[in-house]
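Across the two complexes that follow, chain A remains constant while its partner is chain B and subsequently chain C.
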Partner chain A sequence: MSAPRTAGRTPPARTLPPPDAARSHWHQPHRKPVLWRRRGTWWGTPWLYLLVPLTLLVTFTLLPVVHMVQYSFTDWDGLSPTSNWVGLDNYRDLFTRPQLFQVFWVSLFYLGASVVQICAALYFATILSFDIRLRNLFKGILFFPYLINGVAVGFVFLYFFQPGGTLDTVLHWFGAGRHLWLGNPHLVNTSLAGVSVWRFMGLNMVLFIGAIQSIPPQLYEAAALDGASRWQQFRYVIAPSIRPIISLSVILAVSGSLSVFEIPFIMTGGSNNSETFVIQTIKLAFNFNKTGLASAAAVVLLLIVLLVTWVQRLLFPDERVEQS
Partner chain B sequence: MRRTALAATGVVLALGLSACDVGSGSGGGSSSAVVKVPTDPSKVTGTIKVLTNRTDQVQDGTAKKYAAEFNKVYPHVTVKFQGLTDYEGDVKIRMNSKNYGDVLSIPNSVPLKEYPTFFAPLGTSADLSKTYDFTDHAAVGGKVYGIANIGTANGFVYNKAVWKKAGITTWPTTPQQFIDDLKAIKAKTGATPYYTNYHDGWPMTNWGNALGSPSCDPAANDKLATTKEPWAPGQDLNVVDSLLYDVVHDKLSEADPNTTNWENSKALIGTGKVATMWLGSWAVVQMQDAAKKAGKNPDDIGFMPFPTQQDGHFCSVVRPDYQYGINIHSKNKAAARAWIDWFISKSGDAQAALSISSIKGSPLPADLKPFQEAGVRLVHMAYGKTALVDEIDKTSEIGLNNQDYPQHIVDVARGAAGGDKDSIFKDLNKKWSDAQGTVG
Partner chain C sequence: MTVLDGAAMARAPRSRGRSTLLRSRVAVALKYLSLVLAGAVVLVPLAAVLLTSLRTSSEMADGPSLAAPHNWFNLHNYVVAFNDGRMLRALWNTSFIFFFSVLGTVLIGSMTAYAIDRFHFPFKKLVMALFLIASLVPSVTTQVATYQIVNNLGVMDTRWAPVLLYMGTDIVSIYIFLQFIRSIPVSLDEAARLDGANSFTIYWRIIVPLLKPAIATVVIIKGVAIYNDFYIPFLYMPDDNLGTISTSLFRFKGPFGAHWEVISAGAALVIIPSLVVFLALQRFIYNGFASGATK
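For the complex of A and B:
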């Protein structure tokens, strides 16, 4: 859910200023196809700057993807120097085994959790944008979980969820009985999704705070003069202004929910009803030496994520926000 | 416009680069001549790198000590070690290149039929099987590609004191008796009768190794190639999996399998909080250490065979541990061969770890003395059809030696997943016979 690794790379400041202002001088050279621009800039200079990121992008992202697509059309076992071209066999195999897609039910837990996560993040972001005491401390505390690496988070929560562990002890004070947080198949996904909320909520919050801070203060003043309550300020000033960031978060949350991996893999290894699509793919590739089939599954996941994103953009187009 | 151009450049670059390395995957055409043990140690030269999963030996200097001993016989060979924590994962990936050391333990995930692609033959089956056990486990086409240093017997590691406290002094001879004994332990001692190690998973893979113990049949593994329904009543896998199922189903295992911890389990059994675990003879030493560290008596840790008898005898299957092979791309094959030969026959590593040496006629280690006294038959599995059985296993996605398979049985047994014992076996039987159809 929420915030897969790409989140960090997405420039959060897409709201303001309007993108055109930044891009306009990029378009000019097109109209004058000359090698040397005004003030003697060579046409290739931007490409020179792009060389390093492009090389990295190609080596570490595009190339592996191309390979993955290649593998998905073969019966490669992940080891053998030879492999046979099998055409669409892997895809046919995937789509004739509905049980392989059943694991997407697990994603619904994470999807539900990301709704909670985004709401909580919005709430905290709004509160912390107003002038309250110790707000930087609270920002730090809420953002902190995102900085801990996933493996550590997994281990910490293993102890947290142990029978008679921290969570049980705390609940015991309030008279609640023990639960097998990870052992109960009806509870395990909720527990894991909870960890996910804990971990990624801070990231969403920081994105939202960034967006909220770019709202001109005079809007609040005007709203206050008109007698708007805090809720009305949120509803009619803040929420519309940060809509693009909210929709970005939703996209990340949906694609994240479909490809959950780290937390369940470390904490349960996908056992006990907590298997996700990515864990299943890994098992196909590394336990059963079906790298070809696993690649096909990965390609299918990629396509599903692209499709969901596209549908989402279709339903909620990203309107430009005008603030004045 | 710009964006399209950029993306296009990227894709073109990517395609170009990927086209470059398509051809590079094929092997280097190394010779497949048998590497013989050098006859004159003084003429063997070169540097060899040994890949090992025994990071403990690399760190505590045991490995260096072995290398120094080795140099007394082979003075001109330099031995370097590389310990890998995630041995299976790392080595499997490295085997896509030519750089996977000179001597290495053959990863379990390499299918037998591909041994000749990656490893140099060490001798013919006819020759090597005279000296070593388990050679057929790594033999393709009459040539042996790996030799094991040790074998391990399968059985239950148990805390004698706890069992005694529950009033049990003899090994159970039937699965039902075993279950009754565990119930007695639960009722009388307060210890957890059985510990699954479900969360770590890999200790559970030992359940797959029980194959052959109930029937006492060395051909149990080979028979899987032709048995249509290996989980039918009376078959080994049925007996073994039923025992695991019943133990968990009767609530004789730990309360929450999802939070088990392997390192901690050693202390648990050492101090008698846990009574029993299904593992291999290799685990006995570790559990005794843990008992000693916890201030308990290490002699409390015992080892018992699978609770079934054939003609009044218990049986315990002995399986080879990692087998050592030589990288087919190695430049110092003679030196590598010398190391394997010396390590297995002269280093004394097998004896130090109280393991069953793979050299024929070696005495049994001390921790298996009770087995000897009780007349337990040590069954040496035959592996004539391993390649085929492997393939069926992978195609069916059952994974007899994967953790998911016993884990699923535990899930169903404790009601965490749908189904019951019969539905599990029915499902497994179907998967197995379906896969046989496509592979056979």
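For the complex of A and C:
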């Protein structure tokens, strides 16, 4: 049961459940004969509706996965009509490349950033859910970065991080010195991960606010009568109620930090140690024409993402964030 | 949206004397301080770009990064960015892609939801499993192979490549329609069927009109995603005439190299429409992303 969704769907969802519930619970066994067989619906009708969607699904999602796995066992360069079967060579190559550890090391920065992001989002969602002045203004300001075009975000922060640019100017007011935010290989990933927090914190916050608002107010009243402090209210009322959405955010954060692409690609092009797994894959495929090796890299990433999702389902089996 | 009642919670501390009162004052102050700081973190980078976009190139040479422009209505950089950055062309291309992708997504999503929710047929579970599996595949990973498919279909470097990809890989919209269609009572279908309507009439005359709120959600999510997407147009439309908002802005990097006042104006040109849409449709946007992201 997704809490935030109820905000948008309340009218239909609330007013219509009786027929819906009745249908799914005791009409279902009779539904087939009563509704469709007797009126003579042709068996192919549903397939007519599914024809285009399934074609697109197969062409642009499932077929690429199959092809990708195939390419990953060959030395294809993406252009020539022929290619050779090389077995597991690409995978061996991939795992023995020194750059491999570098790109996974870079993902750790983004993973760390998403921890910061989720904590900040929880904090701001909690304080913005209670009586506070200029609530909508603050909510709007914190959410707006999520709506900004990625290229524009990249340029805004290229300018922000410039030597002697906005960040250095602001820090100078507080007596801090200059840094090469993007030029220093030890600092660049922290700066880029900071941009990612700036950009995505608001989305997490809005999701959490939606979930917190669907908690029945009586729970707070009961907690207040028992003399619970704000922290205790958060710990024992809010956190357990929004656990599904928190676990979903964590999963999205993990798979998101593995597939970071846009911001580092636009801002640094992957130079200075800021190359991520996806940038590396894209470069292998489209700059170096190593389609086989790039496919192997993409397959590895896909497997990791599927593994993470599977672990989440394993850990939180009942917490699928779905309305059903 | 309702603000939760704080009165019940305020009651408890009040009875406990001064030190608690003082502490809660400090807590309130810290709360506002944190909000103002976070707001500043969001706004300062944007303000810097806005200020820069209004400065002349000679002002850029001296003055620090956050200096105010001499003339607050100096729109020269915007004119340069709009004309030399070919933003009109970009707007046209993005609108074209937006229109056809959204139209296609709405039709495909609602038809899929209709077929899955209103019919019983063999392999239905399999079909649903296919969509579920597809939703787990991050599209960014499969581009290596998708590129070859788009190439073979002969739509490479045309506006139809992104249109097809946006339509074909959008599982989230299908889920949104599926969730919503379940709340439309089947008795409506049955009544229409008794009146002699066939399945298409039911879909077109009953289901689609009742899906309007879901369609609005999909249009908003999809619209924002298409306006902001960089990866797909960058990969599939390298032609200079086929720049979208994102790729045209990206191309500022070369010719305007160090001219930050023009780049800033370009970025501001791209951000301002988002701001206007956000202010106009705030509530829909919050709800839309809440329902889109949890799928």
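Here, the second predicted complex is superposed on the first by the 245 of 324 C-alpha atoms of A that agree within 3 Å, B and C clash if a C-alpha of one lies under 4 Å from a C-alpha of the other, contacts with A are read in each partner's own complex, and residues count from 1 in each chain.
As a convention for this text, a residue touches a chain if its C-beta (ideal position, glycine included) is under 8 Å from a C-beta of that chain, and two chains touch if they have at least 3 such contacts.
Being a predicted model, the structure only gives us computed values, none of them experimental.
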Chain B versus chain C as contact partner of A:V86, first or second or both or neither: neither
Which of chain B and chain C A:L54 touches, first, second, both or neither: both
Touching partner for A:L180 - first (chain B), second (chain C), both, neither: first
Which superposed partner A:G78 touches (first chain B, second chain C, both, neither): both
Which superposed partner A:Q162 touches (first chain B, second chain C, both, neither): both
Touched partner set for A:N287, first chain B, second chain C, both or neither: first
Per-residue touch tally on chain A - higher for chain B or for chain C: C
Touching partner for A:F261 - first (chain B), second (chain C), both, neither: second
First, second, both or neither for A:L62, with chain B first and chain C second: both
On chain A, the residue positions that both chain B and chain C contact, one per complex: 50, 54, 57-59, 62-63, 65, 67, 78, 162, 165, 286
Touching residues (chain side chain B, partner chain A) in the complex: 1-2, 6, 9-11, 13-15, 17-18, 25-27, 89, 92, 95-96, 109-111, 114, 117, 198-199, 201, 255-259, 394, 397, 399, 402-404, 407, 411, 416-417
Sites on chain C touched by chain A in the complex: 1-6, 8-9, 11-12, 27, 31-32, 34-35, 38-39, 41-46, 48-49, 52, 64-66, 108-109, 111-112, 114-116, 119-121, 124, 127, 130-131, 133-134, 136-149, 153, 164-165, 167-169, 174, 179-180, 182-187, 189-190, 193, 199, 203, 213, 217, 224, 227-231, 235, 245-247, 249-250, 252, 260, 263-264, 266-267, 270-271, 274-275, 277-278, 282, 284-291, 293-295
Complex interface listing, chain A residues touching chain C: 2, 4-5, 7-9, 12-13, 16-17, 19-20, 23, 27, 31-32, 35-36, 39, 41, 43, 45-47, 49-50, 52-54, 56-65, 67-68, 71, 78, 120, 123-124, 127-133, 135-136, 138, 140-152, 155-157, 159-160, 162, 164-166, 168-170, 198, 203, 206-207, 210, 213, 217, 220-221, 223-225, 227, 230, 233, 245, 248, 252, 255, 259, 261-262, 266, 278, 281-282, 285-286, 291, 294-295, 298, 301-302, 305-306, 309, 321-323
Of chain A, residues touching chain B in the complex: 26, 30, 50, 54, 57-59, 62-63, 65-67, 70, 77-82, 158, 161-163, 165, 180, 182-185, 188, 268-269, 271-273, 283-284, 286-290
